[in-house]
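By letter and in written order, the chains are A, B, C, D, E, F, G and H; residue numbering begins at 1 in each of them.
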Amino acid sequence: MDEQELYSLAARLREGTLETSEFVARIKALPFQDLGDVKIDTHRRLRKGFSEIVYCPGKSDEQLRTIARSLSDSAFNILFSRADRRQFEIVREDIPDAIYHDRARLIGVRREDLPLRDGLTVVTAGSSDVPVAEEAAVTAEYMGCAVIRIYDAGAAGLHRLLAHAETLQASKAIVAVAGMEGALASVIGGLVACPVVAVPTSVGYGANLGGLAPLLTMLNTCASGVAVMNIDNGLGAGYFAARIVRQSR
Amino acid sequence: MDEQELYSLAARLREGTLETSEFVARIKALPFQDLGDVKIDTHRRLRKGFSEIVYCPGKSDEQLRTIARSLSDSAFNILFSRADRRQFEIVREDIPDAIYHDRARLIGVRREDLPLRDGLTVVTAGSSDVPVAEEAAVTAEYMGCAVIRIYDAGAAGLHRLLAHAETLQASKAIVAVAGMEGALASVIGGLVACPVVAVPTSVGYGANLGGLAPLLTMLNTCASGVAVMNIDNGLGAGYFAARIVRQSR
Amino acid sequence: MDEQELYSLAARLREGTLETSEFVARIKALPFQDLGDVKIDTHRRLRKGFSEIVYCPGKSDEQLRTIARSLSDSAFNILFSRADRRQFEIVREDIPDAIYHDRARLIGVRREDLPLRDGLTVVTAGSSDVPVAEEAAVTAEYMGCAVIRIYDAGAAGLHRLLAHAETLQASKAIVAVAGMEGALASVIGGLVACPVVAVPTSVGYGANLGGLAPLLTMLNTCASGVAVMNIDNGLGAGYFAARIVRQSR
Amino acid sequence: MDEQELYSLAARLREGTLETSEFVARIKALPFQDLGDVKIDTHRRLRKGFSEIVYCPGKSDEQLRTIARSLSDSAFNILFSRADRRQFEIVREDIPDAIYHDRARLIGVRREDLPLRDGLTVVTAGSSDVPVAEEAAVTAEYMGCAVIRIYDAGAAGLHRLLAHAETLQASKAIVAVAGMEGALASVIGGLVACPVVAVPTSVGYGANLGGLAPLLTMLNTCASGVAVMNIDNGLGAGYFAARIVRQSR
Amino acid sequence: MDEQELYSLAARLREGTLETSEFVARIKALPFQDLGDVKIDTHRRLRKGFSEIVYCPGKSDEQLRTIARSLSDSAFNILFSRADRRQFEIVREDIPDAIYHDRARLIGVRREDLPLRDGLTVVTAGSSDVPVAEEAAVTAEYMGCAVIRIYDAGAAGLHRLLAHAETLQASKAIVAVAGMEGALASVIGGLVACPVVAVPTSVGYGANLGGLAPLLTMLNTCASGVAVMNIDNGLGAGYFAARIVRQSR
Amino acid sequence: MDEQELYSLAARLREGTLETSEFVARIKALPFQDLGDVKIDTHRRLRKGFSEIVYCPGKSDEQLRTIARSLSDSAFNILFSRADRRQFEIVREDIPDAIYHDRARLIGVRREDLPLRDGLTVVTAGSSDVPVAEEAAVTAEYMGCAVIRIYDAGAAGLHRLLAHAETLQASKAIVAVAGMEGALASVIGGLVACPVVAVPTSVGYGANLGGLAPLLTMLNTCASGVAVMNIDNGLGAGYFAARIVRQSR
Amino acid sequence: MDEQELYSLAARLREGTLETSEFVARIKALPFQDLGDVKIDTHRRLRKGFSEIVYCPGKSDEQLRTIARSLSDSAFNILFSRADRRQFEIVREDIPDAIYHDRARLIGVRREDLPLRDGLTVVTAGSSDVPVAEEAAVTAEYMGCAVIRIYDAGAAGLHRLLAHAETLQASKAIVAVAGMEGALASVIGGLVACPVVAVPTSVGYGANLGGLAPLLTMLNTCASGVAVMNIDNGLGAGYFAARIVRQSR
Amino acid sequence: MDEQELYSLAARLREGTLETSEFVARIKALPFQDLGDVKIDTHRRLRKGFSEIVYCPGKSDEQLRTIARSLSDSAFNILFSRADRRQFEIVREDIPDAIYHDRARLIGVRREDLPLRDGLTVVTAGSSDVPVAEEAAVTAEYMGCAVIRIYDAGAAGLHRLLAHAETLQASKAIVAVAGMEGALASVIGGLVACPVVAVPTSVGYGANLGGLAPLLTMLNTCASGVAVMNIDNGLGAGYFAARIVRQSR
């Protein structure tokens, strides 16, 4: 794309239909225009097989409507994250095939027929961690992954987790979602060879400090092969794990 | 002791050898003198079978020498905690049978032949947690407990811990010592029925925050039956667990 | 149970009705199935005399209903913690003998006739700490303890506490519940020989930091024999103290 | 002083020996010159009976020498705080009657014969808190107070404190110095009517956080009549309490 | 009171109407009963001229009603702190002469004719700090102080404060109330000789951290003679300052 | 003004119509009256070309009405910050030409025809940061600056920012507004020579900690030429940047 | 291994040379022995192609010597992390082919001829971040990755990073190492499609808070595809990134 | 420079001495080479009149020597910050005219004859803040500013600051350096119209928290026109203030 534009500028310069000074000005500005062009960005996504993701909180209805309209004829999958049902109604006006994933608070638009890649497992410590886990799982699904869910299998009842040891050990990437003390990531990290993406949640009370306790637990894990996302950032974890799975053999 | 004093005062009042006003003044002051009297305190310890413990940091050599001298003919076990070797030399001048427990940084004086109670297990996540664990174990030993040590059995290598599952499940109290992310306490708490005394250590780096990370982990554990001590407080954990073990059937 | 399963597998192997390879596969998986089996867990609880506890926050009505249904014919005591009245109504549909303990926010189901063990005392510093204390007391009661309550006896009015010195000194375990600055645990810890389970509460304002101030106070107590629970964790404290009391002579 | 200057300016203006414009310029600047005059400050101290206090840390030897020289013929008491022995040697060169208070890390110069006021009591929880307590006590002594010291009487051994209940209740101001969990201030605050100045110390380890734990304890005390100083700020506490005592009946 | 009880016990012992063993038991318990008796406490307050203060948050309506009833015929001033208007209505049922101080959130009952003591000044940095300041001022008024209020005189507009320099310098105690960055306490501390009681407020946003910023500012003040209360603790500051003023010459 | 007052006092003193003692008293008080007088302050603002700014939160309706009334005939621009629409209605009663800037939560009154100064650019990382940015931009506009807005140009999509590189490099001051991780300030700081005023916002979740994360990012920036405002303090940033721009060549 | 043991037990049971009860006892214990066996672990590592890593801090010389001896004839690569030169000398006694990587503080032993996988790039913001980056790079090299290093390319000098855009965009995993404000991870995350493993370092001062500032920055990044390691955890990042690269197409 | 390169490429393309494909490749890379070229950067600095600044901590001797050598023939002023004397000796080998500014820990090389701009004032609260202030002042001097220093004029002794009111009010930018509670910035911010750059220092103890207390104070200042630097970041403040002064009228 930008190479073509460069060839065309070069051609016009050679032909003499472009002034040297104008050429220099255009060239100076170009790499930025190039990067700043939304179409180009779409192409990059297409090239990589990943979807457009719109973060909804703090967006005005009007902003959301504008975005929905501009994306309405997208050829690619789209996600709107942390959307409430009212925002879904706004989006649906312009994108009638949008679907609302309630627990994951995601609005999804499926426009691609991505080949399904398996190997992504999402685990939670408790049942209260499920919304964050669903955000991860649904995100990964829109990015072309088949997701296995193992929910409510926290470290304090080890046997619930060990019962799924084989699934865990066969995964290409695992998203481990836990609030409270967040020990789940350490236990899984000790059991498997694949990358573990740990997501602390704000589930808990008292010295949980809104998720800081499991965040610190996960950062300090003595198990190798564990990296950490921001508190409650299921979307980031699903995105990160899906990237790994999609580029895996 | 103080009852005797009370009986004696009552007798003298009855006999008329003590003025009522003087009697009232003595009685008013008595409960405080009573509590403030060091001998009484020694009796209370004897009665409960627990030892005198002297905290060494910040004590001047002179203070330490005074204390050692006053305790030199104790009939009971004594511990000096967080003592360095130089302080041991000072104590030994007046208490020649004092022993220095290097890793535990404890000076111990064994004067009692306490009947050994078993059921106390001390576990560590890593080998760097051993000094804190030894402080717990040696403290409990001076309080009359037989201690089983399971060291370097952290949550990231679960099998090392599970290999000792039977020992853990047969314990009357477990001291779980862990730095890094401190997940050990959650895993043990999920495996056993007896009380688990969790001790976070300052072992780790970065977001470990000098032990705050495992402290928060342990406080937020979703396993029931876990209570927490201050960071690196092996002595407190040994003392607390020994109390439980000694009063257990 | 699992021993029986092992015996049966062994019998079938001996009889030749089980292939060696199949036997090996079954055995390999067994310890996890074993641990993961809910029935086994119930047996473990029966064996130890402790109840099932369901944590209610974040549970959907549907999840709660499923759990209530599965527990409706339990032979053992059950607790649902941090339940609101609406959740109680849901549980009561399937468990008509469920009782709502308002201040403790506990739903209790009494199905066992546990022999009462005494020696457990619950103390609060102020009257605002009572809900957390009640959570501890009721939990311990469902676990077969007779509980003595001493409420509103904080460190700033020492005499209110000292008036109960004998009760405190006769206890086998004490739960000390305090918000504000949490000095109660230190004062009790200095008076008694039995284990003290300290629970900081979020009662207070300003630099109380949602309970962090009394939490730090309790962790740093210079009194020995004090271990600490998470902020507002009355249930954990009641459970921990009841474990001690039940295994005490 | 400045009134005289004003009268003189007014006189010169009236006489015509001062230009109106010059007069206006002088008047505009005057209140600042007034406040900025060091002599005035000395007068204020003399008037209030309080001493000059020089904070030593971070001062170069040269700066210290300059200050010592300028104060060498002071008619009033002087204190140099947080001074080490080497700094004392420098000060002594110019102020031969300077005295080094070792534990308090104070250099004192006694030049006044202040009438002694009693009613100031300094209490510590442990023996490691003594240096901070001494800084408070010696400061108050140089400000004309007779100080009663009650050391090593922490909340975990209540009887040690209660033995001094009468002294405490007869005080006009109490400085309560405590590290670890700092419960001392609450206990004293509940016993006495006079103002209690609480000083947290950095004595402790782990979750003591360099004195933040006792600082929070003291700020959150449920006892009324307690105000708090910065961690280890014995000088500030001695100064504050001495102010109260000196202005008391 | 308790002396009388002691005399009576002694008399009965002498007469032989009290068994020695019973006498000993009574005496042992007495100092605690003595302290625990609410009437005694009332006498202590009467003796010191300070009022009963009931902290309202977290009190149930029933508890509040019980307290109000028991205090309804008090001979002394009473305060109910942090009370809302609904709680006032409950209190007024049993104490018809109760008054609601809206901004201070205090319910006051004036039963004493305390001689007014002057010298107490309450200063605020901004107009949003006024509720906390009023809590301090009204508290001090019920304790018999005449209070001067200087509101909205923060450090960023120094002249507003300096205009009151003479009032400040004539005070016996100053309560300095400030949110935002809390520099007010340092500036006043540098201007006056009397004790300054600093109260940080939670007024502010962002890195104010709910009042932690001015709290730290005030604790670290380089001005001597400043002590600090908990965030928003106007009542504590008024109480503390009133104690100083009432015992001043 | 105050110079005139001084001249007039001097004249009257010279004439003899003012007593010397009265003169001295007036002069002593004057610098404070001078500074404390609102009219004088207005003059100072006029002299510097900056507007009156009224901070609305915590102001009672009555206070706001009083202020609006007193400012209603101001010759200068006025701003009311963090005002809600209801407060705007109150202000408008007395100042009918007041305008409500919705996103900026500012009430503006334009009374001056300030010469427009250009060179001030306001940049945001995301669209949720716009309200804070608008507060900065509108503030600067009322202070006589022409403001260029570049919104939604965060560091994670560098090209969006680089597209405006020339505008940024031609600015005299840049306000960089960012929540989340706040990397925007570092990137801009690396691109331009003019002062960059960084404003962290509370936009984000989890470990964003209400804006502390971007605040720390901005304080630690390795780019030189960046100074930081409090979280969400758009007004302060606009004011600071406008000061720079107005005094620039 | 354990399968063989199971087959042998089954054979003996079938033959009747093993009692059923003994068989059951052995089987019950087996899965734990199985997991606890170090040789098995070695096999797991062999199977996955990853090396043994020994964490050196806190290890006694004796412990280190024991480990070195037991690993001396390993067929696989070995790493000793955070080792100092003295520890290297100890290790070299038993493992003469050990190499000391000075900047990375790693002792490496190369025993395998792993096929080199490329696609791993390590970037640092500054030159002080290099030791942490080297720890990541050398770790990955021992795990069979070819590593490209781009050092000193922080966000404040964007052009230094953009010069390597093509290398970055061709990577399969990027380790981004940054202290100060840590904006590097956001900028790289915005430029590339592959997973970015962000490592905050403790490089910086003041409000850097020992690496907490860049840690928070990285956790809050608005760029997708970034996961975070503990502060200074180069080894963890290298290990995590190498896992991704080795399993990538 | 880069424009010339562009013109030259265009010329060669037109002439046909450059292939179109080669031209496109060169152009694509150019904006990065352009920015990445160190010479260009030097030109940018020359254009803006600001010096090269080398941050010394963490630099190896070799790295420092390489940098010194490459800068030895610079035509512009150079600063090496936070350098110790040993590092100065290394630098001096290659840059004999380098000067060591002891208190500021700066190595300076003066190669330019910048026209002096006045209007920059540096103020400190205490004498311990002087090293940070000197770093600011010397930095600004090397950037062509004449600096007025007002040291030891903290908020607790207001008159010392007010004595310099005229100097402050005549400044174009003020650097306010303060540790302890950092109130200085608020007081100055209330007095002047020019931008105030506040620098918190780590001077203090206890709840100063290594400079966090004055940092928070300064961020929360209620005075407008104050922006804040990182703790102890004198260099950043000097640089920022010098930028303002140099672009001022």
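Some points to look at:
Rule of thumb we're sticking to: a residue touches a chain if its C-beta (ideal position, glycine included) is under 8 Å from a C-beta of that chain, and two chains touch if they have at least 3 such contacts.
A quick note: this is a predicted structure, and the numbers were derived from the prediction, not measured.
Comparing mean CA positions across the assembly, the chain most remote from chain B is F.
Between the CA-based centres of chain F and chain G the separation comes to 50 Å, rounded to the whole angstrom.
With each centre defined as the average position of its C-alpha atoms, the distance from chain C to chain E rounds to 39 Å. Look at where the CA atoms of chain A average out and do the same for chain G: the two points lie 25 Å apart. Contacts with at least two other chains are made by residues 31, 126, 158, 206-208, 212, 215, 219-220, 224, 230-231 of chain C.
Counting only pairs that meet the touch rule, the chains in contact are A-B, A-C, A-F, A-G, A-H, B-C, B-D, B-E, B-G, C-D, C-E, C-G, D-E, D-F, D-H, E-F, E-H, F-G, F-H, G-H. Every residue of chain H that touches chain G in the complex is listed here, in rising order: 31-36, 55, 57-59, 63, 200, 202, 210-212, 215, 230-233.
The touching residues of chain E, counted against chain H in their complex, run 125-126, 154-158, 180-183, 186-187, 189-191, 204, 206-209, 212-214, 216-224. Across the complex, chain F is touched by residues 126-128, 158-160, 162-163, 165, 203, 205-208 of chain E.
Residue ranges of chain D in contact with chain E, taken from their complex: 44, 48, 50, 53, 172, 193-195, 197, 215, 219-220, 224-231, 235-237, 239-240, 243-244, 247-249.
For chain H in complex with chain A, the residues that touch the partner chain are 2-3, 6-7, 10-11, 13-14, 20, 23-24, 27-28, 30-31.
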